[in-house]
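In the two assemblies presented below, subunit A is common to both, partnered first by subunit B and then by subunit C.
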Partner chain A sequence: MNAPTPAIGQPVSRVDGPAKVTGTARYAGEFAPDGLAYAAVVTSTIPKGRIRRIDTTAAETIPGVLAVVSHLNAPSLPYHEMEKRPQVDPKSGDQLQVFQGPDILFNGQPVAAVVAQTQEIADAAASCIGIAYEEAEARTVFDPGRGREPSEETAKGGRPGASGRGDADGALAGAAVTVDAAYVQAREHHNAIEPHVTIASWEGDRLTLYDKTQWVQNVVDEIAHVFGMDKEKIRVISPFVGGAFGSALRTWPHVTIAAIAARMAGRPVRVELSRRQLYNAVGYRPHTEQRVRLGADRDGKLTAIVQEAAAQVATYEEYAETTLQPAETTYSCPNVRTAYRLVEMDVNSPCPMRGPGIVTGLYALEAAMDELAFELGMDPVELRLRNHADTNEKTGQPWSSKELRTCYETGAERFGWANRIPEPRSMRVGTELVGYGMATAIYHADRGAAEMQATVFANGTAVIRSAASDMGPGTYTSITQIAADALGLPVDAVRFELGDSDLPTAPVHGGSITLASVGTAASAACEALRDKLDRLPAKGGSIAETLRANSLDRLDAKGKAAPGEETKTHASSAFGAVFVEVRVDEGLGAVRVKRMVGAYDVGRVVNPKIARSQCIGGMMGGIGMALMEQAEWDERFGKVMNANLAEYLVPVCADTPDLDVVFVPGEDTIFNPLGAKGLAEIAICGVAPAITSAVFHATGRRIRHIPIMAERVIG
Partner chain B sequence: MPNDPHALTVTLRVNGEETRFDVDPRTTLLDALRDRLHLTGTKKGCGLGQCGACTVHLDGRRIVSCLTLAVMADGASVTTIEGLGTPDALHPMQEAFVACDAFQCGYCTPGQIMSAVALLQEGHCGSDEEIREHMSGNLCRCGAYANIVDAIRTVAGATDRSGAAVPSREDA
Partner chain C sequence: MRAFTYERLDAATGASRRADHPGTTYIAGGTDLLQLMQEGIAHPRALLDVSRVGTTGVTAQLDGIRIGAATRLADVIEDPIVAERLPLVAEALAASASPQVRNMATIGGNLLQKTRCLYFRDVTTPCNKREPGSGCPAQAGQNRLNAVFGGSPHCIATHASDLAVALVALDAEVIVERAGGEKSIRLDDFYRLPGDTPYVETALEPGDLITAVFVPIQATNLPGRYLKVRDRASFEWALVSAAVALVVADGEVVAARVAAGGVGTKPWRLPAVEDRLVGRPMDVQTLQLAAEAAADGADPRPGNAFKVPLLVNAVARALAATADQEANR
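And now, the complex of A and B:
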């Protein structure tokens, strides 16, 4: 057999690229089942209380309206508790139940839906629904003083109220050099460009959902529990996901609304949330306030880390983050204490957003490390090197691989870090101040159990199938490359089918686990197929010839892969070092990122072209986090006032600096046979503190509240 | 929609083909394209004219189709992403977007490409800075901007990658 050049490691263009650039890639909201009707969702306008009255008369008289749904007429749904909650759902509290009663838990809660023959009619009718409320006093102020410990279930899930090692407070008291600083991080919204959308279609008691989701099979599970249905009767289809960044991990209330509306209207129904509604209909990165205290000796060796965080949480459900994990794993330090508190507010539940928790905790930790470097008069890179964690000191395990030192070295070299003049306000170009900043990036590497079916055909092509998703990281492409190599076929002879719950099991498409999970399953399935081919009685040169020699049209095999002993013996993580140059115009308060270098240890890189895209995307996300993105919260109404894409600022093309991405060599074959560690999350980690440190270097001012907007630079 | 006494008839030339249909006067050009003509390559991102995902060419100019009512386009020529090229015969800009990996999730991509093609016609591809400025009405949440600029520069044949020099000790 003439094996082609290995595809793994090659900068293959996206296999779904032609479909995406021609508009033929079909996203969830673009399916058109016969008789499709359109829904508009009506949301509450108060943050807490009860619905006293709903007047639907005007809406119902509009020609073309098919159904008006609210708690007054919606079916009573069982909302069964799941035996084991999926990792994307909070461990404590209960999800929002739609149209099951008059209680209002937050401003923007869905309270009714109109189904009509067209979207225009549905929208107009929705605006005619009158709702009278009985208002109750709402908790709309973020007051860290009200913070409480996470529940036992949340703590067991790795988000404890207290954690650490040694005697951090004692060590801090005796430290030669200390830093004590408080940091605020604003509530951020994912704002994927594709809105969340679900089309629900019933055929008798069978339900098909076309849904924007990062986990088709979990939607089946969730909806089965909500409706008390047999899982076999539900199918979820989602071949393309128009970005999500964590917002589509969970099955949100609008999916249930679509299913209810379709049942009541007696036809398929599309629920497409408006951009404004998305600020309440799905979660967000919670507003988090932190205090970091560091103690070190004169040589910069850390002796104490105390990091405390308080994050906003809904009243009905307890979403908590691994915010304080970096304090325990990023550096070598004998004494660490963390304290995590949740501040209940009458808000919709937050949820994971790219690099959840870690990126928040790392922001404060790394900002504080920069302050420590300044106190010590030490180079920030040198400070990191002196505190390099040779093992995971939280678990005591060795790392399955770690090339962080090389990341610092390579990143610093490519950036020209040696040109940095340590003293703040010492570098200038024209009228602008210049600042250099850097930070460490770390994100734990995980994988989940996955299955794959592989089929080869007598025409020499192959199909691999899994219920995985591709929200943009290139799953279609990278896993096709893996399968192509395992089968000895060229990439264009292999097709990957995904995004359908009827396909073999795939874990959630989040937490950077897809490549390590589904990719290893693809290898396993293709190897099983090769074994089968080898055992066929008649031999041929190529796969196609072998099949034909055995009078076969096709041959199938299944394979699966799952984490094993390595999770007990080793800790696995992606690492990186981020270097940033900013320019600051003090007169305008404008901060501009001029260039950024990221050096990453992500294990084996399957597709350097697509991997780089993920990294530059993470960098842009980090620029948003550091300089632009902030929900403007009005405490009077418990409401986001800038719930749109003009007033909630996100990076645009003109904000794009020169971005340089380098992957340091390395393969982590302890973590998994493929050697890849995953890189979606790592790419946003460390960007914000590298930028805020650069702003300090430029201006000499510590701005400990992100995003650093103009008023915070001038103020 | 049928049986609607308020419906108006519009005639559009979409991707070179004339089409005539009754439409609710409230229907945006975007919704008419997506929901009536099933040309779903044009994307809805915000419905507020803020993200650029719905960019199409109306009589040769780029517009956001979510802020244009279908009836306002009566008699006009509309070019959508489907009118540029097909998977087997890509327009040079589509080809460049694939080659430069100028997208991730692909949802903003048709709008980016329609803007990019308009940019060439507008003569706004003189430098990377100019491309960035004139592409800033099209949001990409995956952050593929650097590659989008690469793709447009490739097609425009521009070579300018200049930016201000990296500051050195001498500058400082």
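And now, the complex of A and C:
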């Protein structure tokens, strides 16, 4: 066989790009089963209480309305407990049960749905539904004083109330230099461009769901439990996802609503959440308040880290984050203590959002490290180098690979960090103050069990198939490259089919695990196929010739990959160093990021072009987090008031500075045979504290509340 | 959104009679109205499209410059007359919305866009402007976007248009087609303070069609700057904005026009600032002293108190930028 140049490592353009830009890529909401009807969801307008009465008469008389569904007429659903909760569901409490009773648990809770022949009729009818409530007193104020320990199940799931090593409080008391600071991070929303949408279609007792999801097979499992159905009778299809950032990891109530509505209307039904509804009908990054205390000796060696966090949580379900993990793993320090509290509120359940927990904890930890560097009069990079963690001190394991020192060096070099004048307020251009800031990025590398089927055809093409998702990071492309190399075929001869629950098992498309998991399964499947080819009696030059020589149209093989011994012997993580220049116009309260350099250790980079895209996307997410993204909460209504894209600000092109991404060399073949550690969440990690530290360097003022909007700069 | 009828008109004459019915509303670019309908804030039964009634284009007249109400924002920005003779207007428009919106949105619609007050835009909350008598949650709620001038206990919503701020500074007039004939209203009088009727926003009467805005000759060809402060670099309404136009002769300020956006329940003219400019030497001290009067009489809430220093600084910057421009002429 004449192997082409390896595709891995090449900046291959997205294989799904042409379909996306020409509009032929079919997203979940674009399927059109025969007889499709449309639903509009009606949501509660009070944060707590009960529904006294629902008046649907006006809605029902509108021509074209097919059904009005609420707890008054919806089927009673079993909501069976799952044998094992998927990793994306909270470990304690119960998911919101839709249309099962009159209780209101938060403002914006789905309480009814109208099904009609067109979306317009459904929307109009939905606005005619009158609901009378009996209001109860709601807890809508974030009061950290009310924080409670996470439950035992949550703690077992890696989000304990307390964790650490050594005697942090003792060490802090005796430390030569200390920092003690409190940080607030606002509630944030994913705001993917594609809204959440589900089409449900029943044929007898079989259900097909076209759903925006990051995990088709989990939707099957969850819906099977909600409806008490056989998993075999459910199929979930989701070939393209228009961004998700974690909001489509779980199976939210509207998926159940679609299935109920389709059953009651007797035809397929499409449910699309409005932009405003996306602020309560799916999760969000929880408002979190933290206190960090650091102790160090005069040389900057950390002697104590105490990090405490309190995060908002719903009353019915306990979503908790790994917020305090960075405190235990980022630096070398003998004494660490963390305390995690949950503040129950009458809100919908939060959920993972890009870099969940880690990015929140890292914000406070890294902001405090900058404060420590200042106290010590030490360069912030030098402080990090002096506290480099040669092993994972939480688990005691060696790292499977770690090139963080190179990240600092390379990043600092490309950024021109040496030009930083340490004194705050010492750099200026015109009316603007200039600030340089940096931070460490860390995000644990994980894998999940995955399977892949690979097929080669006599015409020389191949198809690989797995129930994975591609919400935009380039999974279609990178795994096609892996398979192409493993088969010795050019990239355009290989097609990757994903996003269908009937395909071989894939883990959740989240937590930066897809490439390392599904990509490894792809190699395994293709290698198995090569073995089979080699064992065929007649030989040929190319795959196509071999098949033809054996009178075969096609040949299939399956491959599997799962984490193994390496998880016991090693700790694995992606690392990075982020450097930022900001310009601050104090008089106008304006902070703009001028440029950013991110140097990343992600192991082997399968596709530098899409890897860069992933990183600049993460950087932009970090700019949003640091400077403009926040839910404007009204405590009286228990409601996000800026629930639209005009007033919930995300960075636009004009906010996009010069973004420089560099991957430091290194392959992590202990972590997996591909040597790739996964690259997604790492890109948002560390961006916010690099920016807030740069704002301090520019202004000499510590603003410990993100996002840093005009009012925080000006006064 | 409720069902509605749609009809495209092809002449301005007679429009006002057609529109003078409850539930009948004009639509131009639809960039605001459609949002209001989708959100359940507006429920027109009949839409009359006035984007092609012939009221487009910019014309230079002997007594001033007339901009047709149906002219798209993007076309106004690119118009050579506007670029040369009304730079303040061009700059205010260029800082408005995004290219996509500016390609659809019209001058008339821009002046009549509804407030961005978060409570006005969310039908599940009370709001006196949307539902008379229901209350004003913005007073003690999320009000960083709301006004520090011109408010009442009933409403503190800002007028969101950037264009209107520039036009108020230039003493522009709104030309209205009314059943009895054409009528011209000074823009400053056109907008109403909320008082106890925040739902009455303008001097328009039922059926009135805006056909043009008119900038009088003495307000043309003036050096001026529009400075807009916002949380992100583009595509956002003003937190605070300042429109400034000055006439300077022999180093002395002869005439000054200063207005602010993002701070008033209507585009807010700042006569106290103007008074401190006119008749004074055009120097740094004059400009600074004048700017300091910008927030005189402000009545902020805790959530928007930052707008007071911000306004002073924005006016100071806009004055300085105008002075620079004047110096380089």
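Simple rule for what comes next: the second predicted complex is superposed on the first by the 715 of 715 C-alpha atoms of A that agree within 3 Å, B and C clash if a C-alpha of one lies under 4 Å from a C-alpha of the other, contacts with A are read in each partner's own complex, and residues count from 1 in each chain.
The working rule: a residue touches a chain if its C-beta (ideal position, glycine included) is under 8 Å from a C-beta of that chain, and two chains touch if they have at least 3 such contacts.
Everything quoted here is computed from the prediction, not taken from an experiment.
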Which of subunit B and subunit C A:654 touches, first, second, both or neither: both
Touching partner for A:639 - first (subunit B), second (subunit C), both, neither: second
Which of subunit B and subunit C A:368 touches, first, second, both or neither: neither
Touching partner for A:427 - first (subunit B), second (subunit C), both, neither: first
Touched partner set for A:589, first subunit B, second subunit C, both or neither: second
Which of subunit B and subunit C A:468 touches, first, second, both or neither: neither
Which of subunit B and subunit C A:120 touches, first, second, both or neither: both
Contact breadth on subunit A, by residue count: subunit C or subunit B: B
Overlapping contact positions on subunit A, where the subunit C interface meets the subunit B interface: 120, 124, 644, 646, 651-655
Residues on subunit C engaged by subunit A in the complex (per definition of touch): 1-3, 39-40, 98, 116, 118-119, 121-122, 124-125, 137, 141-142, 144-145, 229, 231-237, 239, 305-306, 309-310, 313-314, 316-317
For the subunit A and subunit C complex, residues of the former touching the latter: 45, 107, 120, 123-124, 127, 276, 431, 587-590, 592, 627-628, 632-634, 636-637, 639, 641-644, 646-647, 649, 651-655, 709-711, 714-715
Touch list for subunit A against partner subunit B, complex: 13-14, 16-27, 29-30, 32, 38, 63-64, 117-121, 124, 190-195, 240-245, 272, 274-275, 416, 419, 421, 426-429, 434, 471-474, 581, 594-595, 609-610, 612-614, 616-621, 644-646, 650-656, 658-659
In the complex with subunit A, residue positions of subunit B that touch it: 1, 4, 24, 26-27, 31, 34-35, 38-48, 50-51, 53, 80-82, 84-88, 90, 94, 97-99, 101, 103-110, 113, 131-133, 135-149, 163-164, 166-169, 171-172
